[in-house]
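In the two complexes below, chain A is the common chain; its partner is chain B in one and chain C in the other.
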Partner chain A sequence: MHLDAFDLHQPTSVEEALALAQRHAGKFDFLAGGTDLLPNYKMHLNVRPHLISLDHVAELRAFRPEAGWLGATVRLRNLEGSSTLRRRYPGIAEAAEEIATPLVRASGTVGGNLLVETRCFFFNQSYPWRQALGFCLKADGDQCHVVPQKTRCYATFSGDLAPALMVLDAHAEIAGPGGRRRVAVADLYDPKGDGVRRTKLGPGELLVGVQIPPGAEHLKAKYSKLRVRPSFDFPELGVAVALEEKGGKVARLEIALGGLETYPRLMRAQTSPLVGERLTEERVKALSEDLVKAVRPVHNTFLAPDYRRKMTGVYVRRAIGALRSGS
Partner chain B sequence: MAGTSSRKSGSAGTPTPSSTETDLVKEAEATRASAGYHLIGKRTPLIDAALKVTGRAEYTDDIKRPGMLVGRLLKSVHPHARIRSIDVEEARRHPGVAAVLTGDRYPTPFGVLPMTHDETALAVGRVRFLGEHVAAVAAVDEETCERAFELIHVEYEPLPVYDDPKVSREPVPVKIHDRALRDTNLQKEVFQHFGDVPKALEGASQKVKLSGKYLGVSHGFTEPHCTIAEHTPDGRLTVWSATQVPHYLHRSLSEVLGMPMHRIRVVKPEVGGGFGGKSDPFPHEIACAALAIETGRPVKVLFDREDVFYLNHGRHPTQNDVTVGVDADGKFLAMDIDALIDGGAWSSFGVVTTYYNGVLAMGPYRFDNFRYHGARAYTNHPPSGAMRAHGGTNMRYTVESVVDEIAARMSFDPIELRLQNFLPPNFKTINEFRITSNSVRQCILAARDRSGWEEKYRKLPYGRGIGVACGFYISGSNSPIHFTPVFPQCTVHLKADMDAGVTIHCGAADIGQGSKTVLAQVVAEVLGIRMDRCRVAAVDSDTAPVDLGSYSSRVTFMMGNAAKAAAENLKVPLLQAASELLEVPPDRLEASEERIHVKERPSQGVPFHEALHKAMETKGALVASGAYSTKPLGGTFKGAKAGTAPAYSFSAYVAQVDVDPETGFVHVENVWAAFDCGRPLNPLAVEGQIEGSIHMGLGQLLSEGLSYRGARLMNPSLLDYKILTPMQMPKVECLLVGEDDPEGPFGAKEAGEGPLVAALPAVGNAIYDAIGVRLMDLPITPDKVLRALEEQRKKGGAVKPPAPTRPSKRTPTHGGR
Partner chain C sequence: MPKKVPVRLRVNGEEHELHLPPQRILLDVLREELNLTGTKRGCDLGTCGCCTILVDGEPRLSCLMLAKLAEGHQLTTVEGISPAGALHPVQKAFIDLGATQCGFCTPGFIVTAVAFLRDHPGATRDEISRALSGNLCRCTGYVKILDAVEAAARTLAPAQER
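What follows is the complex of A and B.
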């Protein structure tokens, strides 16, 4: 497998990066750690002729865990290695250290993991493999092989950081041709989209970083990841929980789930009724059953969808149990 | 799961669980030490280790030849199709392309076994699996090769696709190969019957039948296949290749290219693991040579991991049924086996595999009645082949599960049940295997004593468990693959010259297992010199005498014997020369500590180099040769030679697991691996083989598997094909309790493949002890464990199986045989 030639651009500011994006509209990808993009390019997956490297944009590398700011090209290794981050936002540190392998984390970035390409058996394959299949609607073809039809892609969202940030109500700062805006990380993803159109980022928009709001450091937070091997593997399920109890009652409970569908979901419909209630064993059990009913994984990862749904309940119960017992 | 992998050898400081217990490991070590060898049996770092870990060792891909081209192979996009036409003219004209070849150029079929030649260098008129090579391109770089692929126009006519070996057993409209049996797609069928199985089963007081289902698995070696070929103006062809079988490659190149063997030179550089995945002569090796001949330039073909998965030759997807009948006292009466294995598109070692799935099944146990029906199906999957503990792994899992199930149903302790049924040493089995050394009793007792079995079996809390299983494997296939001309299994040449170094030439392929180190140890031991005087020359067919290859766990046994013979022959003129210098008859001299001296008076002697120089005065450099040939073994019935070996390894493993009943995750905590490889020549390397085998076995047990949808391989990558991480390794204790084998070099037997087989069922049986469910569908992924637990709960609740109630007559560590 070889990498086709591309033009590499190395802007030194966000503005310069955005200008390059305008100039090469539709023909570029932003390049951060490259740990996901370049292997995909080697497989000739949606290759573009221009790569705009974000490595020399100093603003994007800003890492201020004490202020809750994570620049888009902060390395995952920096997250797992920061004692400040681990103390203030343990869920994020847990998510970061479970991503891929130490080598990948040395290059991989916050932004890269938030915007990581969705994954599927029928997509993450070499060109000859996909050619023999007749391609799929996420690359070079028009047919979905997971749920056979031609309109919706079911590729699975496989980032780990997003759920951990969503439960803290973190906001993403986005720079684009129209200026800068901030949206909740939960709203970065498009529930009306699919495995192809998975975020609400406009063409030519760039993720600058993530702001965790003040106060989030007081939440108890945890991230648990289901996968076959304790290293290498993408999530088959990612469960992030943030919890605050006051006077024995729930003051705040957020749960976000990744690795199941085309985008990570903040499960407010299931968790908000519990605010103000005591978190009894029965209520936790009922909550976990509600979550199992709410998720719709498909068969395009290693473990079967029914198992991943069941584990959603188990992992949520265990995560809440661990947060409450302080382990 | 915490990363708590640790290693521990049986040799030093391992605490005995109870001070009253006799320590079989220490006893075996003491017995071996009494022989007084200076190198044999010492923990010896591999002689090429420093070169490998510093990146200096030269693998095939490290070799650069002047003007070398890149060779690439175009893959089929159909699993089964006629090739109506291939138009390569446009590709040939593309700038940078030096040659494009198709199958009609060298259509001679070949294969590792002489009776089943059904492979060709490139597809001829037909493709039989997705990924089969239909054309070969040599060009200036990889990108140009891929451009050329786009310019090759292949017209396919799809044929019915066979992806189920059960269908291949029935009459089929289209045969995958003409040579398939009758009107089916079966490649090979074996029927064997000894004694009277139906009668014995009828009289049995308990019959247990289990069916196992196994996905295919890949060897997972580090180095992908790589070959370089160069055809020079003197009419000679040199081929460097990552191979375990340089000699079989040599023969196949000659046959297919129509070039005499003496004009072909095969070189095996360092090889980054094989495990059977490099033990066939391969189409890409021949295609690479063909490109070199065509272009007159050196050509390199390097595989990526996906190519490796398509070449496959991994362990066969298998379905097997094993029935064992026992009498009321737990004596094994009869074994009945039916196995169907998915051979994929080619034969490879398939005839052997089909036999091994039956003939190795009785393994360490004595049976007087045995019946086997085995069949290997052609399908449109990538070809299956030989993989570590070839034919002995999947069947062993089912057999050891059956034995565990018998113990559970009849309320025996499974160790006691096994002890009653072991083959004795020096015994002829019902299928006429000659068993000589056999320390399986010591193995199971050592594993029992070290693991704390009696405090744990059926006594650990629900979710945690302990299990036992035994193993058995050939120490070298007694019959060579080629019957003519007759020549030794292995020959070793030695040369000792003025520099007082000894050069060892041997065709045996060190693929990382440490055979070069064994060569140096054996030669230096016999000559009484330091190992660093020995240099092992790379395998080069121009200079190295033939060894048949690194397969069937034959190298230590056969090469070791040949090396020992060669060194003893080299010693004769040295002793003679020393005799002249010392004026003492040669039979009163011995070689040790770099000297040749009088046996009973070590101070009277000469240094090794002085004896050598004296011996060289008239003849120059000393040369010596040694060879090892197997003696005829086995019966006269059809297939009687399959599984015959000059010796067999034995093993007993105990494993301890922790199963999460809510998620189905299995965490293997400990493995106590008791192994009988006779005298371990290099215990450090043996431990490496055991630890590596456990890693490989647990991978197949827990998460590895070639996943097909139809004929399409869904996981041809190391991300989706899930080899265990080091974090998942259990704590392993190696217990080497073997006694000297009468025919092995210094008493040694194999340790390359046998260490694998008991690992899987020991853990499977431990899972049964932990949660009371028997899982027979590999790999045992968490979802399968959970499904089995749900079934169990429906039937009445999650509980551990009951403890054995048979009057406990605990076999003492000593005596009672």
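What follows is the complex of A and C.
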């Protein structure tokens, strides 16, 4: 498969990358690991005439797991290979090692996984395939084939790191024309958007990295993933849990879910009533039932939506059980 | 005329100066410009691992790398895994144990296995199986491939411990 022609830019600093982004506003993509973008370009999915490679921007490669900092172009392989990261943030290491395959993780990056393109039966297809169907809302067309209407895309968020970072209250550092800002990873995604543009990143903004706050290393944390082939696939469901108990009662409980909807979600409405309570079997069961009711997967991945909803409850119960038993 | 940019690649220890459109993929350049056809094009989408090469010694998917972005790195294809006329222990084990059928995926498996065993001499079968999980084979059922890499691991372990 050949790529359409584009201009390739190789900035060496964040500032230079932002200047290029401004100059080619609306006509560029940032290129990091390329494991998501280049397959999409090969299938003529939303190609742009300019690619801004982030390979030579040293600042984005900074990896300081001892300080909770993960630069945007840190390779996923570095996350799974870091004993410091695994000791301090086991949920992130678990999420990283479950992404795709070792070969994809050798190229794929932290930022790429956080901002990974959403996936759908009707989107991740060749050009002739999509053309035969009259294209879709997410690329080249104006009609959603999953939930037939013309205003919102229902493609599924398929990153694994986002839920694992959300439960630790990690913040994304974003650089843009107006300077730098930090936003909680949980607020990086836009549930009110049209689903095509899924994040709150501005058009010329660049993700610099992620900061995990001090204290997060004391939380028990876990990430579990449901997928068809355990060595390979995108998530059909991703469950991240972080838990701290004091004196037999919940001091902190966070659950984030991915692989179900257009964006990953931190489920505070369901978990916060449990703070200060004993985590009895009945309460865990009721919590898992609340979560099953709160999620709305659609039929655009391999496994049926109803199965993914039911498994959400199962995975939450298993993850909490594993954290409490220390396994 | 499509725009071309100078691209300098170092492959198997040899320098190559090329002029290529910036969208050219490394795999295509290796095969079509440098005639290094040992590296195979399978899915072309990063799924199958047939196009695996070493970039600074690390296995990478050459179908998902722009040739221009491979500048400044040491590239090693299956042709450069062992000195001319000699076989790497992994290659020898593949032959001895019949770990190929159609052979199309073999270069990718060998390149991935060579790098993995270099860093993990004496790896267990389970570790090998995880390390090779990004390489797909549609013929063998993987048993003989794992047998071969395990045998190579046993050959390499004592040599690297010395």
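Criterion: the second predicted complex is superposed on the first by the 326 of 327 C-alpha atoms of A that agree within 3 Å, B and C clash if a C-alpha of one lies under 4 Å from a C-alpha of the other, contacts with A are read in each partner's own complex, and residues count from 1 in each chain.
Methods note: a contact is a pair of C-beta atoms (placed from the backbone, for glycine too) under 8 Å apart; a residue touches a chain by one contact, two chains touch by 3 or more.
Here the structure is a predicted model, which is why all the values come from computation and not from measurement.
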First, second, both or neither for A:Ala106, with chain B first and chain C second: second
Touching partner for A:Ala304 - first (chain B), second (chain C), both, neither: first
Chain B versus chain C as contact partner of A:Lys150, first or second or both or neither: neither
Which of chain B and chain C A:Thr35 touches, first, second, both or neither: second
First, second, both or neither for A:Ser53, with chain B first and chain C second: second
First (chain B), second (chain C), both or neither touched by A:Asp233: first
Chain B versus chain C as contact partner of A:Phe6, first or second or both or neither: second
Residues of chain A at both interfaces, chain B in one complex, chain C in the other: 1-2, 4, 231-232
Parts of chain C lying in touch with chain A, wherever the complex brings them together: 2-3, 5, 21-25, 28, 44-46, 49, 52, 58-61, 64-66, 68-69, 112, 130-131, 133-135
Touching residues on chain A, where the partner in the complex is chain C: 1-8, 10, 31, 33-35, 38-39, 42-43, 51, 53, 55, 77, 100-104, 106-107, 231-232
For the chain B and chain A complex, residues of the former touching the latter: 1, 3, 75-78, 130-131, 142-143, 146, 304, 306, 662-664, 703, 712, 714, 716, 719-720, 722, 724-725, 727-728, 781-783, 786
Residues of chain A defined as touching chain B within the complex: 1-2, 4, 121, 124-126, 128-129, 131-133, 226, 228-233, 302-304, 306-307, 310-311, 314
